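Notes follow the structure.
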Amino acid sequence: MNRWLIVFIVGLLLPLQSLAKTVVVGSKAFNEGYLLGEIIAQKLTHDGFNVERKLGLGKTIITYEALKQGEIDVYVEYTGTLAQAILKLENTPSPSTLQQHAKQEGIKILPRLGFNNTYALVISEQMAKKNNISKISDLVNYPDLNLGISHEFLKRKDGWQPLAAAYGLPYQPVGIEHSLAYQAIANKQIAITDAYTTDGDIARYHLRILKDDKNFFPRYDAVPLVRTDADPALIKSLQGLANHIDEAKMQQLNSQVVNDDQSFAEVAEQFLTGEALIQKSNTQGLNSPWQSLPRYIIEHLQLTIVALICSCVVGIPLSIAVYRRPQASRMLVYCTGLLQTIPSIALLALMIPLLGIGWVPAVVALFLYSLLPIVRNTLTALLTLDPVMQQVAVGMGLTPREQLRHVYIPLAVPMIFSGIRTAAIINIGTATLAAFIGAGGLGEPIVMGLSLNDTTLVLFGAIPAALLAILTEWLFEGVERRFIPAHLRNTLG
Amino acid sequence: MNRWLIVFIVGLLLPLQSLAKTVVVGSKAFNEGYLLGEIIAQKLTHDGFNVERKLGLGKTIITYEALKQGEIDVYVEYTGTLAQAILKLENTPSPSTLQQHAKQEGIKILPRLGFNNTYALVISEQMAKKNNISKISDLVNYPDLNLGISHEFLKRKDGWQPLAAAYGLPYQPVGIEHSLAYQAIANKQIAITDAYTTDGDIARYHLRILKDDKNFFPRYDAVPLVRTDADPALIKSLQGLANHIDEAKMQQLNSQVVNDDQSFAEVAEQFLTGEALIQKSNTQGLNSPWQSLPRYIIEHLQLTIVALICSCVVGIPLSIAVYRRPQASRMLVYCTGLLQTIPSIALLALMIPLLGIGWVPAVVALFLYSLLPIVRNTLTALLTLDPVMQQVAVGMGLTPREQLRHVYIPLAVPMIFSGIRTAAIINIGTATLAAFIGAGGLGEPIVMGLSLNDTTLVLFGAIPAALLAILTEWLFEGVERRFIPAHLRNTLG
Amino acid sequence: MQVDSTLKAAVELRNISLSFDNQPLFKNLYFELPTEKITAIVGASGCGKSTLLKLINGLVLPDDGEIHICGQQVSHSDQADWRRHMGYAVQQIGLFPHLNAADNVILLAQLEQWSSLSIQERLDYLADKMGLDQAILSRFPHELSGGQAQRVGLCRAMMLKPPILLLDEAFSAVDPITRMDIYQYFLRLQETEPRTVLLITHDMREAVKLSDYIAVMQQGEIVQFAPVEQVVSQPATDYVARLVKEHI
Amino acid sequence: MQVDSTLKAAVELRNISLSFDNQPLFKNLYFELPTEKITAIVGASGCGKSTLLKLINGLVLPDDGEIHICGQQVSHSDQADWRRHMGYAVQQIGLFPHLNAADNVILLAQLEQWSSLSIQERLDYLADKMGLDQAILSRFPHELSGGQAQRVGLCRAMMLKPPILLLDEAFSAVDPITRMDIYQYFLRLQETEPRTVLLITHDMREAVKLSDYIAVMQQGEIVQFAPVEQVVSQPATDYVARLVKEHI
């Protein structure tokens, strides 16, 4: 029994070991970011990497910092953003200069994926043909065209004002909500508006991107970023994507997601197989929750087991160390109680600045939560021991260490186990919140399901969590049967 | 000690008693709704009611159902919405017919606050003066005016199409984002747009509302709704607000919130004192977290104490009932464990369809959470009793009841208390999540603070929660000192 | 309950068999407890004396056989009803640690809803007979000396004036002089309000002095069961003879 | 540790005072434990015998006074070092419930890292002397009879061959015949490897048979402390006389 248990636990933790060699793919939180992240993830998986996804991390700076600090290993950034928002350079320098600046930060820029996602002016294909307009400087000759420019572009320092100045454009544009602009062009209410070059709606509305013939707009080339110490195999694999996605392709992919309601994973897989970058998997869709279930469960178990072991390793000796000193015991109970009151979400939120996101802060939070039941039960068990047993242990000449080791702890064990079991179950429940900070586990389908209002998906997390709780009870019953003589065990076991 | 403790707990729960007689003011989740809710709340407070606010409950149906089911006692609805979206009437009937329909649902419509928040067409004051336009039918004579109509109004079945038909308006309007329309009028790009009659920007942009002289638009009179069984004093107090807010006033109040960045409470108080409906309070602003702190704490204590008492009352007897039957004990532990794994947020989310929002589901959730430590410690304590004590208790001729009452439970009490203390502390922590479902407590400032990124506000919840945890420990030490003889007590107490 | 004093045996064990861990302790044991007499069981350590008491009290169930109390065969559930009429002082003393000595003694009387006056009277009476003073009665069990605790346990067993008393080495930790006083009390009590008493002892002189009958047990069997004089004058086996010769 | 056999007293208590809850138990108590002799303490229940043993063992600290062991004054922390050389059988027996009988006995030897061979040898030797067989040794304490448990406790106290033995009513639950065997063992042992033994007993005959000296205690005072013959022939007080006259 004992041996099997150890094998089981080691087996569970083994993936953790290999997790260290996993490639973590990140992305910023918008559609194109998710999609590119998924493409990279599938390419790497195909190339034999053990891939973990942390897509949709948030704003630029968070994602970039996550890369720098090693929480993710790769994500796709735009050269313009890198130069201006991150590296705070005045202009967008040449690729080699940019590479040098990045290198000082420990970041390596990989070859561009092929498209430049920047601002552009778009015009309806029909109107463009009729008037033979193909580049922005052509517009100078058509001062009567109605321009509807998005509010944001009107406001930007590098937006409409300098653009008009650079090209000498004679228009007084109307501000328009970007989401309405294409419809307005279709209705012929306006002729020209601003757009991103990879917008999936450009093809749909039959629009033409006017060439930026004076190179006014800075380049926003999509490039995967890795750390300079990245695995060469990883770099090689990512280089395989170079120049495979041009603006039209990206538009099409974006459109598939937005207009055709396909999942990121499906679009990514279609693209990669279409480009013969990976073989089509003949398994089910990658997104089936059944397929992810083992991963969810293993992640969940890792989180809870590591946290539980930590709180046993810390909580029990700590309780033992202080239990003879009432003041210290009281302090210990108060402190663990304090930690318990910091509400789950606030705790996870507080962790982020300290420990970043992901596995480590989740384990730390769970660790802090499971301390209280363990510490309190250990203390109570030790403090309510039969005084005759204590007298005999002392009177026999056992040293304080031996008294604990051979008498007090064995007698306190049923109560201590009771605390550990409570902590384990609480952990299994609380670990579902870990998904909020990207630590995975069974919270992932729950959080997704709650936000998508998809009850089935919620149940994909909730039911295994519940079953895990029962399994845990069983396991502990087995452990107790192993370590506690029958007459001392609570007869449940 | 014992007596003081009871006095203390009863004192804490007393507000709960009076909570039953509290008026709960609700509102829908948009600015005007919040503001009207706050006005009502302050009026009722001034008139001597014990007011609880549940503002911003969400969409129409949720708020209406909350009223019907007694979770809130009053909120402000619009007659048009009531007739069409709620009561599913074809047209908006006369006030008395509407009152009759509402009565069948157990709802009473109180006198209108004085304004009609409906759609309208607005024109710049200057242009209106120049052309002498004051009502919609005047527009027929000015077919050259530019109309920019919001996307939503263009789409609505009772929107632009029938309006144009009803008045025979000759325009082909341009779709425009509502938020840009006033600016467009100011820039003279359009002359007329649609608006809500109480829009705070109408005065700011110097617009004139065109009279709906053919009564095309249904009336959206703002009226407080209560249940037909409402306290007459409540109705009387609310009637005092009748006809105090006309469209211009409402516009001004909305504008104060939106443009002048005043809090709802401030605007409401200014209005009510200005109208001499209440005396100006010479205390600090109503919104200071210091002022709300006692309420937060009392709510928090009520939540946790009621939940804790429930789980003691349920958990301890249940454990006692089953502890002699291993199968039943196992089932009990498994079930409480299962409940524990349902993660806090999912649990709260699952509760809403079953129990609605607010106090009851929060208490139920906390109750379910605190069961595990109590049940497991009670079971373990009973199952690991000294067998000699059991032999003596049985051999003496005590009935099973007496054995429990006079021997087993007194001996198990230190361990049971340890479970209750753990549960109490966990409850204090978890109760902070109750704010998500409007149950108040110290979670309120935490949730607000997290969403506003206001650390001070977060600490206004977190620090008292932590202090409460310590206070709870003290309290329990006192209780233990009272009920457990010194030599059996863990010497912490 | 009244034990019918015309009955020969207040308690009868018939054909009792019992094993622990597949090791038989009793095989077809037959035992009668004479009504309103004091019977002593003597025998080697581990021969099954305490287990016999537990059988009578219903704390241990026989694998086979019948138990009759006051002439009626009792099942396990009945036995529970008899227990309050059988004062039982266990060998391990087993005072409840959460009650002080006095509360340990009076617990049963409280549950029987005696008036507090009669409770106090009975407590004072018993404490006096057992040589326990007020200070001792107010102590918790862990503050008592071994002999004090044993006497508190004895008082607890006798509180309800039970017609049957089961005493498992109930005087072993009491000093000889106090013990003499207790003997005197028991013997006087037997004259005025006779009880059916079964006492286990290792002190042969105690058995002879106190009891009407002696049962000698050897490895789960009763090798002699007779009036005291007969055991002393005509020991049935060598073992009994040794006990009588060397230890009285 | 070797007790210097030329020393008159292996343990000396000087001027010991001790109160429980402000009630004085010992006032300026003086007591010497003769080296390599068996000394019996007799006295009424509650007179302070067990407490005296706890003072020697350091489980109870005196309010005042000095304790000398083997000629050296010991402080509380020193006392801990002596304990392994003082076998102590407590009155409540106090076997560890999580260890079976054998493990209870050998625990200290294991901690002293005896070879498993010598542990087994010593265990077998003691079990034989105390009449405990293999089946009993493998039981957990709650499965033992009172006398069996008491003998296991005695084995535990003697396991390390301690030069000083403190026995608190260590034979009270043992039947007279087994007890005789144990007496024989002790008396032979005293001839070959003499120990310093302090035993508390209520059995005057046991005291006379086993011990070299008898200390009679009354309410915290030692009223006579003399060789056995002298106590029997010249009792110092009425109380001692009563003990001697009526109970031997």
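Letters A, B, C and D name the chains as they come in the text, with residue numbers starting at 1 for each one.
Heads up, the rule we're going with is that contacts are C-beta pairs under 8 Å (C-beta built on N, C-alpha and C of every residue); 3 or more make two chains touch, one makes a residue touch a chain.
Model, not experiment: these values are computed from the prediction.
Note on connectivity: the fewest chain-to-chain touch steps from chain A to chain C number 2. With chains reduced to the mean position of their C-alpha atoms, the one farthest from chain C is A.
Averaging Cα coordinates per chain places chain C and chain D 29 Å apart. With centres taken as mean Cα positions, chain D sits 74 Å from chain B.
Taking the mean of the C-alpha atoms as each chain's centre, chain B and chain C sit 69 Å apart. Within chain A, contacts with two or more other chains are made by residues 387-388, 487-488. Contact with two or more other chains is made by residues 92, 142 of chain C.
Viewed as a network of touching protein chains, the structure reduces to one closed ring of chains, two contacts apiece.
Every pair of chains that touch is listed here: A-B, A-D, B-C, C-D.
Residues 54, 57, 59, 80, 82-86, 88, 90, 92, 94, 96-98, 107-108, 111, 140, 142, 156 of chain D are the ones that touch chain A when the two sit in their complex. Looking at the complex, you find that chain A touches chain D at residues 388-389, 391-399, 402, 406-407, 410-411, 484-485, 487-488. On the chain C side of its complex with chain D, the touching residues are 20, 23, 42-46, 49-50, 91-92, 131, 135-136, 143-148, 151, 168-169, 172-180, 202-204, 239, 242-243, 246-247. Those residues of chain B lying in contact with chain A across their complex are 151, 174-177, 179-180, 183-184, 189, 326, 329-330, 333-334, 337-338, 340-346, 349, 372-373, 376-377, 379-381, 383-384, 386-387, 414-415, 418, 421-422, 425-426, 428-430, 432-433, 443, 446, 450, 458, 462, 465-466, 468-470, 472-473, 487-492.
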